[in-house]
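For clarity, chains are labelled A, B, C, D, E and F in written order, and residue numbers in each chain start from 1.
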Amino acid sequence: MTLLAFDWAFIIEKLILIVIIVLTTLLITLYTTFGERKVAAILQDRPGPNRAGPFGLLQPLADGLKLIMKEEIIPDASSRWLFIIGPGLAMTASLMTCAVIPWSTDLHLFGRTIALQVADVNIGILYIFAVVSMGVYGIMIGGWASNNKFSLMSALRAASQAISYEIAMGLALIALLMTTGTLSLKTIVEDQTAGHWWNIVYQPLGFVIFFICAMAECNRTPFDLPEAENELNFGYHQEYSSMKLGFYLFAEYVNMIMSSAIMASMYFGGYDLPFFDESTVAPNIAAMIGLGTLLIKIVLFVFLFMWIRWTIPRFRYDQLMNLGWKKMIPLALFNMLLTGALILSKL
Amino acid sequence: MNVLEIIFYALSAFALVCAIMVLISKNPIHSVLWLILVFFAISGHYILLNAQFLAIVNIIVYAGAIMVLFLFVIMLINVKKDSEPQKQLFVKFTGVIAGGSFLTLFISLVKQAMPLVGKTVPLKEGTIGLIHPLGKALFNDYVVPFEISSVLFLSAMVGAVLIGKK
Amino acid sequence: MNAIIVSTLLGVIMMFCSWGIKSQQVQKNIALIGLFILIIANLAQSNGWYVVDFDTKGMLKYNFFGLYANTLLFVLTFIYVWINGEEIAKITSSSADFYSLFFFILCGISILTSFDNLLMLFLGIEILSIPLYILTGADKKNMFSNEAALKYFLMGSFSTGILLLGITFIYGATGSFHLTAPVVSISTGIAQEQILLSTGLILLFAAMNFKVSAAPFHFWTPDVYDGAPTVFTSFMATIAKAAGFIAFINVFNSQHKALGYSWTLLLTFVILSTLLVGNIIAVFQRSVKRMLAYSSIAQAGFMLFALYGKSDINYESTLLYAVVYSIATIGIFAVLVKMKENSFEAFNGLGKAHPLLAFTTTVFLFSLAGIPLTGGFFAKYYMLSALLKAGAGLWLVLVAVVFAAISIYYYFKIIQAMYFTTGEPAINPLPSQYKYQLLTLAILLLVLGVFPNLLLNYLYF
Amino acid sequence: MPIQYYIFFCLALFSIGVVGVLTRRNAIIVFMCIELMLNAVNLLLVAFSKMYNGLALQNGASATAGIDAQIFVFFIMVVAAAEVSIGLAIIVMMYRNTHSIDINFLNRLKN
Amino acid sequence: MQALTNKSIAVNRSPMTFWERMYLINIIKGMMITFSHMFKKQPTVRYPEQKREFSPVFRGLHVLNRDEEGRENCTACGLCAVACPAEAITMEAAERLEGEEHLYKEEKYAAKYEINMLRCIFCGLCEEACPKDAIYLSETFAPANYTRKGFIYDKNDLLIPNTLTDANALAKAKGVEA
Amino acid sequence: MMLVSFLFIPILAALLLLFIKNNKTAQWVAILFSGLSLLVALLMLITPTADFNIAWLPNLNTRFILHADGLSKILILLTAISFPAILLTTANNEYKNRNVFLSLLLFAQAGLMGVFLAGDALLFYFFWELALIPIYFLCSIWGGEKRIAITFKFFIYTFLGSLFMLAGILFLNAHTSDHSFLINSFIHANLSGGEQVTAFALFFIAFAIKMPIFPLHTWQPDAYEQSPTAVTMVMSAVMVKMGLYGILRWLMPLFPAAFMAHTHVVVLLSVIGILYASFIAIRQDDIKRLIAYSSIAHIGLMNAALFTHTQIAIQGALIQLFSHGINVLGLWMVADIIEQQTGTRSMQQMGGLAKKQPTLAILLVGFALANIALPLTNSFVGEFLMFTGLFQFNPWMAACAGVSVILAAIYTLNLVQKVAYGAISEKINTMQSPNKGAQVVLIILLIIVFATGVYPQPLFSLTADTLQELFVK
């Protein structure tokens, strides 16, 4: 069990996988931005972008192109390097999460068994935590480097928000881990596939807490305090333009997808398609079905995110903190105790 | 020199450079960032020693929580780089001399330590750094300190609230 | 184990008391009841009755000394709260928070009196220190208090780093964190085989010196004691420090052999410099509070004598000294709290204005100075006796004696001010029972000054 | 990898921390240097832990030898987290009153 | 005070019950509301392709009219400029010379006639003021231009095409290719 | 039980006095109790006394032992006589908070009694300090103008000395076979030569400061001058005897070898001290200072006699312990009466006492003669024996010391001449006869002076056992 046991074929295989996953993720993200606009439009009884390409499907490309073409502005008084590093960090941190997500069952290609997961570490959930906790740096550094009051304030808000909700999130997860008994995402998903109930059945409260915290971590409305336009103009990326801004915007959507994927894997059986026996089809096809299932789940979650965004108004800052510290954490603790009690009573 | 050794030297050198940068950076924010890099390097070392759990906890706790707090506070009170008037040169000099002699002293001591000669640290092998053995040890032999550390947190919590509230 | 569990529970209860109960008087009474329960619980364990009895896997080791030290320190805390409750209430709107911190500190103390593993030592010290940092900074609006807290905190964390490096070296040498790990006894010098262990022990020694404010690691003490709110200085200088010494003696009574001859050398150096720094600088202080801070350094020098050798009298002397010194210091700080200013002049004419107060102050000062008929005499006596029994040279005793005589100088400055100079003492109004509380302390000291064995007999059940 | 290399490396890190504590004036940076010291100690503990584990494996003794050092590291991290919360609270409190976190201003007490 | 209408609703200030404070129900209600909008008919008019019917009183860009012989109606009397609340209209008059009768209806005509479309508020007062039926507000709208200057429409831009000289011109101008 | 009562009575009285605010009552209570202890002391002379011996601190192996042999008895007697005498003579003096004053004085008495009775080193140390601390407060509160600094100097001196003694006690304790503090265990302690010298030095410093011996005497004249007279009397009559007692009781038996090795040095120091004090005494104008320096000279002589380690000299010193106490007490009393009534201590402003107050003058002359050690006075016997012993020890030193007798005659007679004779000065003129109590006391003292001078045998027989013990071993 070591992370450093590798051979070259293995490395190449993983590299390819990483590239594919990252590219796919980026692609999906692109379309998530499109999806966001579309969902917003539909919820507001309007058609949404529909000009570029059929049904507006090329719209994200156009958006991206626009961002790239924009003028690159780096404010004079900013810390130049940090200003540049900030969005990169945000993007990297959000992309790194996908390394431990099991996308589907193993593929069998060219006589090799290829796991559709970059790294099956036995501390997968901790890894996710580590990466998530890194995510806040991008925002903080970017906000600070802009040398703009609004940016700084929103960076601070983002940081405190992230720290506050990480705790409740962790506590909610601990309750889940108590039922699963493993930290490896792969094992968690496999346990759910193997004819058991999905974890949501055991951990409904935990899921709700996790979901809310995930929303807060992604800075999604109603928790989008860091970029509250009416208070802080545009938040931490106020001074950003061009693709650096794009990175920030992208990172948010990547985060959203990743948290959806995590939630799907941890609470909703991951790539498990209910009432379907994978052994009846060829393994590769089963893997594809699994992948599709997971993607559908992700899409559903992403839709949920958007749906909430366009329904619920933004919190006030004190409300946000109260919710985090006075409601979520006690609730998560209660959930943990309850779980523990139940497990003990079962023993 | 195999790959592992190269990784060891690279990580060590990286960590040392970053640590020195922590020291000599004028801007506190830069110091924080360099320190984060040091922590990453140390996490790399943990992975090299196959202490996976500690590696990840190191990142979560140090890089993810502690340093965020530092950064947060520095931003909150907005320390500018000019706000730290420079110490006199000789103070710095003395400090460096003191640290240097500290290091030399201990290195010379360790060099004399006979029982260490020939002892090696196996890299990348061993299972004790994994979460299962650690968890077993933590909740069997070390359950008392584990529970007691909660007192520590309680007191820190009460303290932070006491100091923080108006 | 009882003490640890009960004190934690009480700490949590006090924590919630600050929500539910607004009356400070009630809070104080709850704290007192809690301390009483704690004392009872600890006594129960001394008699073999447990709340929870489980295998600590060698983390904690209970012997009678530790339990008895617990009892004594809890009683001291009880006295401290009993006397200073009102004063704590003045600092804050809800003293329950502070009481809860006290209980956490007591938990740390109960760990420090009974640990058998360096991990527990580390945790104990931290549990003890963190609330102390807070207490130092408790007076939030006061710049001095803030500064003291920051200074204490930075220095404390630094010493924790040193402590940890020491522990690491010890682990590197022995492969275990247990105190009872095999230590080869070497009589002369440090052998090559032991070099890592010795280095670790020396680092540990330095860090522990830091915690008990022995020179040359004392420099934080005056500032911190001066800056902290006086009531809390009283606590820090007495109960917390005593716990530090008990931990000190617990570690080094089994471990110092690895250092061989150098141990004596090292200890002698530390003791001498502590005595020198504490006493000499105390002479020149103009503020009583600062003088007491330096004097506490000097007293630490005396308490270090107990580390010289390994015999029963070390434990006896540590306990007696800790208790007597704590009572006297709590008393003198309790008087100081009521003074409007900290200068010596504030005491002018106190003997005339408040004879009882002045009398108790005199007893406290006598005890600190080690004058017979007060507990301080026997405390010092036991220390010197321990020193001689450990085979230290007579010259060290003489040096100690000379410093004791020097200490007379600054302690008696207060007595002179109280009795021999006329003036209006700048004193806050005293509650009626306050004098009698102080008188109780003074009588305790006098009783211990004639019959110290009242305290020590229980060590040999 | 010989254990000495780890010791040297960790001591170097530790010393850098010490130098920082001695030379810097900004309280936060001093505090950060203290964290650096703690990290150096952590790494050293893990190295020792692996060393003893390796020895035990060679001798065929219990495979969990040396695990206590890693547990210790875990506790150090726990304590460090608690300490940081307190320390930063104190620093912020101090800043509120004095608008400075320069530890050289702390000499006010001496007068 | 007596309420004038019964439309106002008294604010309920009773403290919220536990369930209300949980907000869960209300959140779900709100979510349902938004969700239900997914299936509602979209009122959007897909503009360039679809166009909404204008009301008969729609007031678009101005045109200067010609009479049935293709002559300009405007006599540069200036009433429109006077009537214009935004002061968007300027003009210069000139006397009709010999041989220009086929161009201008009266002896006086507008040698220069400019409307600043950036100022114009499309109120239609000019139309009402004109005694000669010379100015009309058409149904065209949403002009686009690259410069501000481009929005100052002169007479060439305003005059409707002369159907006598170019039969298709009007249709072309309207964008309805014959 | 009799021995305990010596401690018990004054302490009880002292505690009682704290609650008596009335000056008159307080005075009478104090006199009553001190008289009671005098009675007990007299009783002790004629009945056999049993040791008092109970365990005190078992784990320290220390016992509460009170033991009285001849040496103790003679000093107990001196103490018991001094206190009622002092209280009676100073009954009219003005002291604010008289009850506290008296209480402290009686505490000091208890301490002194304890010192003379203790048979256990730790107990001895305890009483040693108990005697010191009340004196510190007495001098600092009720003393003269420069009292604070001077008393503090006195206190630090003696306290440092006693701390050295404590170190010595600890040292000896560590070397006894049974780790006890009993004097017998100490005598049998297993000490090498060097260790004996060390311990000897530690003890001797404490005693030398207390006596005081040149060059450690600097605290004394100032302290005597600045203290209230009652305290001065206690100090010079009784407290200085603590040092001599310590030498006899502890130093000689415990460290015989070291003692013998240092005799010459100490005697030489003493002789220097004697001469030095005497010369200074001649130049004094202040009565109190004169008596103080004279006291240094006498004590120096006694110390020299002790260190000759000849039986005859020690015999003399033993008697002189008592006699000097009585003499100096008388002198102080007369001086105090004069000072109280005239308000001055300067001899320049006095004269003609014999004409104005003949009784007082006679008393003064009587005590002055005793101070010079004229034959028929009590001092003569003691000094004669001491000089004889000193001469046996070293004739040259004896000669030098002998000069002091002449010097003593000069300054004492000078005192008498200036005070008692000559024209009646302004100040003396206002004097009235002293109160009855004082007169009675002085007369009794004078009777003792001459009685023991004529018939010293009781004193010899009282101290015979001590001498026996010292020289048989």
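Descriptive notes on the structure:
The rule is short, and it goes like this: a residue touches a chain if its C-beta (ideal position, glycine included) is under 8 Å from a C-beta of that chain, and two chains touch if they have at least 3 such contacts.
As the structure is a computational prediction, the values presented were derived from the model and not from experiment.
Traced through touching neighbours, the fewest hops from subunit D to subunit E number 3.
Any chain bridging subunit A and subunit D, meaning touching each of them, is among B; the list is complete.
Chain pairs B-D and B-C differ in how many C-beta pairs are in contact, and the one with more is B-D.
Look at where the CA atoms of subunit A average out and do the same for subunit F: the two points lie 95 Å apart. Each chain gets one centre point, the mean of its Cα atoms, and the points for subunit E and subunit F are 127 Å apart. For this pair, subunit D with subunit F, the centres built from the Cα atoms lie 66 Å apart. Averaging C-alpha coordinates per chain places the centre of subunit B 72 Å away from that of subunit F.
Of all residues in subunit D, those touching 2 or more other chains are 3, 7, 14, 17, 31, 51, 65-66, 68, 71, 75, 79, 82-83, 86, 90-91, 93, listed in ascending order.
Every pair of chains in contact is given here: A-B, A-E, B-C, B-D, C-D, C-F. Residues 42-47, 307-308, 310-312 of subunit A are the ones touching subunit E in the complex.
Those residues of subunit C lying in contact with subunit D across their complex are 119, 122-123, 126, 130, 133-134, 137, 140-141, 143-144, 146-151, 153-154, 157-158, 160-161, 164-165, 167-168, 171-172, 175-177, 222-223, 226-227. Listing the residues of subunit F that touch subunit C in their complex gives 57-60, 125-126, 129-130, 133, 137, 140-141, 147-148, 152, 155-156, 159-160, 163-164, 166-167, 170-171, 173-174, 198, 202. Interface residues of subunit B facing subunit C in the complex, by the touch rule stated above, are 106, 109-110, 112-116, 140-145, 148-149, 151-152, 154-156, 158-159, 161-163. Partner subunit B is touched in their complex by these residues of subunit D: 1-9, 11-20, 22-26, 28-29, 31-33, 35-36, 39, 42-43, 46-47, 49-51, 53-55, 57, 63-68, 70-71, 73-75, 77-86, 88-93, 95, 100-102, 104.
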